[in-house]
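Note sheet for the following structure.
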Amino acid sequence: MTKVSIVGGSGYTGGELLRLLTFHPQVEIHQVTSRAHLGEYIHQMHPNLRKISQLKFSDPGQLEPVDVLFLAVPHGEAQKKIQEYAGLAGKIVDLSADFRLRDPALYEKWYGQVHAAPQWLEKFAYGLPEINREAIRKADYVSGVGCNATASILSLLPVMQAGLVEAGAAVTIEIKVGSSEGGASVNAGSHHPERSGVIRTFSPFGHRHTAEVIQAFGLEKLWLTMTAVDLVRGALATAHVQLKPGVAMKDLWKAYRAVAQENPFVRLVNEKRGIYRVPEPKVLAGSNYADLGFALDEESNHLVSICAIDNLMKGASGSAVQCMNLMMGWDEMTGLEFPGLHPA
Amino acid sequence: MTKVSIVGGSGYTGGELLRLLTFHPQVEIHQVTSRAHLGEYIHQMHPNLRKISQLKFSDPGQLEPVDVLFLAVPHGEAQKKIQEYAGLAGKIVDLSADFRLRDPALYEKWYGQVHAAPQWLEKFAYGLPEINREAIRKADYVSGVGCNATASILSLLPVMQAGLVEAGAAVTIEIKVGSSEGGASVNAGSHHPERSGVIRTFSPFGHRHTAEVIQAFGLEKLWLTMTAVDLVRGALATAHVQLKPGVAMKDLWKAYRAVAQENPFVRLVNEKRGIYRVPEPKVLAGSNYADLGFALDEESNHLVSICAIDNLMKGASGSAVQCMNLMMGWDEMTGLEFPGLHPA
Amino acid sequence: MTKVSIVGGSGYTGGELLRLLTFHPQVEIHQVTSRAHLGEYIHQMHPNLRKISQLKFSDPGQLEPVDVLFLAVPHGEAQKKIQEYAGLAGKIVDLSADFRLRDPALYEKWYGQVHAAPQWLEKFAYGLPEINREAIRKADYVSGVGCNATASILSLLPVMQAGLVEAGAAVTIEIKVGSSEGGASVNAGSHHPERSGVIRTFSPFGHRHTAEVIQAFGLEKLWLTMTAVDLVRGALATAHVQLKPGVAMKDLWKAYRAVAQENPFVRLVNEKRGIYRVPEPKVLAGSNYADLGFALDEESNHLVSICAIDNLMKGASGSAVQCMNLMMGWDEMTGLEFPGLHPA
Amino acid sequence: MTKVSIVGGSGYTGGELLRLLTFHPQVEIHQVTSRAHLGEYIHQMHPNLRKISQLKFSDPGQLEPVDVLFLAVPHGEAQKKIQEYAGLAGKIVDLSADFRLRDPALYEKWYGQVHAAPQWLEKFAYGLPEINREAIRKADYVSGVGCNATASILSLLPVMQAGLVEAGAAVTIEIKVGSSEGGASVNAGSHHPERSGVIRTFSPFGHRHTAEVIQAFGLEKLWLTMTAVDLVRGALATAHVQLKPGVAMKDLWKAYRAVAQENPFVRLVNEKRGIYRVPEPKVLAGSNYADLGFALDEESNHLVSICAIDNLMKGASGSAVQCMNLMMGWDEMTGLEFPGLHPA
């Protein structure tokens, strides 16, 4: 069994890693740390694991060597200690935002601070297999992904890969997200009476995840707009893109089918009848699938492309485990088979 | 115009008082205090009042004399300053739990501490008009009501008033409540990802509001069980009571109709068809109505009696304004006409 | 008292009209019709009106003359009987889509059928006071508004009125809506287990309400994208617009403030702190207010403009009553004072 | 591989069986029938299985012999065709209510009709392993369980098994349920605007599942009260029971621990701190666990016992698969490992 540890296991991405790794047939969880919950059973924080795991949170200062180390610490922390972590494990998957961007200048622009370990940026492969599979396979260090970046990138992937987008086109992506995206820490705005039933466009543009989409596709005119809605898990990206003249429906079908065929966790959803005609995060809770759909206004060549994910899975911990599978040479889907629930 | 002030206006009951009193045709709000939000517009905390009220929060240390003073401060505070407040206003409505119980021993038993102003307890009339209307009319000082006590008392009122309950009967009342019952302060359990979708029996028995029901009816075997569900406003009490032998459906119809006829804000809901056959808090949000319903297991004389309210209205601020109307000799329903929404 | 009747009172817009008109100080409801619920009390369908109104549904075939007639019938029906209705009332407010568009060709294009009474189109004033107040004041016949059109038009009004939009600019409006928008009739997709928790982009473009926005502003490149979210009442429009070069924040503040000052039901929401910094439909349930907010990406002149409404109020019945107030020469806000709830 | 088929696969319990059996390592799904959806891919109805299963719905009239047959047809249908089904498979698990009660008179009393195949009743083992494991192991025919019966029985199991309940005690069980309990068919009350946010005590007593609890424990004074709340999956039973004099907390701990130890899918939840101190269905969605908790009013010997389940899993399809595992001699937990999600 491959030994893995998780640094920072009391939050939502840490908890999701714990769920996935507990049932992963190839690994054994060696340690999971939490300073605040040191010595407590992990099921105190993650009640779904009661009776299933007897693991306790251990001291982040007493990390032992393992094969694979997952970092699920707050943004900004991993870059300070990456040297130390690299001494403990040959392979690292960092779920934070610290090593997602290869260009220190891009990091500085979007995160408003100088990176503490810029020389490490190029050692990390960006951890979204759908756009970086081969690099991940060969990498020792893989970054996490931003959940909104994931939904945005995947919504654009078919048309970008197929070269269907007008050069210099303006791209507007409206992302609707559930409350788990804000993490496990409570704040005034997450108080249930205030958060329940909201439709709140909390970030009209300028969201940090935008940088990952820019890095992926080199777009110059790109706006991500974030709206919080009443749901715990899930993110839906609705992208508006001007396509090149002459692009027809058959070109789009071909482009989307290609992406679905090349990627085991991507599905094409574009139905003419039934309730579930378009991608919806509702049926993806707990699953690593990303569902893609599209519609074309043929009069104007205006494309609406839709991607649904579970922000904690494909948008965080699921992709992280998928990356580990690739790094270790295992089947990409190992331990990620849960299909989501219906109804849910 | 009658001058009123509110001590403690930044919380949910304070906000609801502000909404009601802003539109009340007989009163003018003189001051509303908040230490934490001193100087801010009230619509910073209560966004529904934007453009409607230009009032700002003032200093609780600089209260001026008024005709009626509403106290919406945390439990335990009013009893310490009641002498001072009484010097500022001839009429006081205290929404906290401080003056609900007439017996200092009962207070001590359920609140776990000695009352700071026991001599004031008997000066206060219990502020639920449906069981104490005449006393409230004559009172200068009126207490608030516990929201769960309100739903419980009203669920029992018809059969208690009509003398249909077996002496010494055990009474179990299951109360399901929305998240606003916990107040405006955030805590780990009110974090939306944790609170959304819950069915959480957080208090199997021992809830402090039990004392008010005991005081109202002298019941000896009484259990209130509290379960939190996914809703912001609303409380539903489902009471289980053993009736005297021989009580028939017609006795119950008579008892419930009497209560509905005697009380302008009580409605009887017991339909044979349609969607809304039983009382439901969903259609009561923002309204001061209490809806009552019942079912009798004729084989066993087991009664299920149901009461739905908006916990912030009939269960708090609505009843408080209703009490002011009675104390001032105005029509009991003044300023409380909003009927709730459908759908909602 | 002015006599009013409602044709079609069992649905959601009819129910909301009933709530508003029951409490309107200038009117008396003469008849409300429903073929399916003939003879039933209106509170069978609208449980919030129990004990408040003793009105029963009457036969739509037995309409009597009144001063103002509200039509809340399914789309397509009013145009067939408009001549007959006009014989019964000097003033008509039609909430359906039948008389919103002045140009029969525009109607045919977006509704896919020839209009049955094209000669009546120009007799109707479009019923959104914020863009058509003077015409409504003088009109005998006023149309309703599409809820999504209302949110979209109001989101654009400040910059269109102030002339800040680039000529020929592409405008993308993402609208998130609650389930009441679909009306009172059940369907497979409105089944709670399927509809709860959705984020469903059900109409990427081509929604019929687009036509009203085109009519209002003459935009050529306009896409309305509709996404259903988990909420009963409410619609939020997030508009993306390219502004003219050189437009600065102060121009926007001026443009938005002007619209808020000119229109009693429009509020500007653009706060730097607190929970409610941007417009949100959550606090507008039951209210006729439209909240507007905006953000400008100064690097690119990309504007995000936000409008929140209650789709059944400002987006339907509230605007209809507001129009009646204008047509009758009453204060525009009469009977529409309810400010919404917080929390809710 | 063991061949299994499902009769009636388009509903919610059928869909959940499909999810479980698709991933079950010992079985292969041979057929799944649906008259209404004949020929369609199962993922048309169960979108979570898209790309995972290529199975199509087949004709219920063309069933082929298999090893295990699951019946997920509407109540009343299995009893008419049981002879035929028994000719096709040596082992049958019927999820409907048809074979849950051994006594035809009990069936007739609670279901209001004469059973069509009374001679088959005693051939079926009641399919709740926690109270009938050995019989299920030996049985060829196993019934399903009522979801509310399951939650009720399990809430009582510790004290009944340990003999702690007063003879002839009255037992009141309040059950709060999500909307999936009503099945996949839409009705006026399941329309999202009407069903969202409800707290609706729709069955004060007389629910058919009561019969299963009576059969399990022989209780004479038993009331199950059903309240619908806003959730899709989940049921919480809160049972009120008078215990024998002298029963102490340590007796209860012993009784509950015993049940949790004897049953792999039962967990004891009774924490002093943290958010998840009591059983909650929220964290059980998709899982086969039943969480039990309790509280004792030591003054009065009044016990509140709580059981949380996913109504479609432990309360239906999960228990059905668990029964198949027992009947086939496999590990009881096979294919049922999913632990639920947190947050969710």
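Lettered A, B, C and D in written order, each chain numbered from 1.
The definition used in the following text is that a residue touches a chain if its C-beta (ideal position, glycine included) is under 8 Å from a C-beta of that chain, and two chains touch if they have at least 3 such contacts.
Just so it is clear, the structure is predicted and the values come from calculations on it, not from any experiment.
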Maximum centroid distance from subunit D, chain identifier (CA atoms): C
Selected pair, greater C-beta contact count between A-C and A-D: A-C
Distance from the mean Cα position of subunit D to that of subunit A, given in whole angstrom: 35
Interchain centroid distance [CA atoms averaged], subunit C/subunit D, Å: 46
Separation of mean Cα positions, subunit C and subunit A [Å, integer]: 38
Overlap residues in subunit D, where contacts from two or more other chains coincide: 12, 180, 184, 188, 193, 197, 230, 232, 275, 280, 343-344
Complex contact set, residues of subunit A against subunit B: 12, 178-180, 182, 184-188, 190-193, 195-197, 230, 232
Subunit D to subunit B touching residues, read off their complex: 170, 172, 174, 176, 188-189, 193-194, 197-202, 204-206, 221, 223, 225, 227, 229-231, 234, 236, 238, 240, 242, 275, 277-278, 280-282, 295, 297, 300, 302, 304, 306, 308, 343-344
Complex contact set, residues of subunit C against subunit B: 12, 15, 19, 22-23, 44-52, 180, 184, 232-233, 260, 267, 269, 271, 274-276, 280, 283-287, 289, 291, 337-344
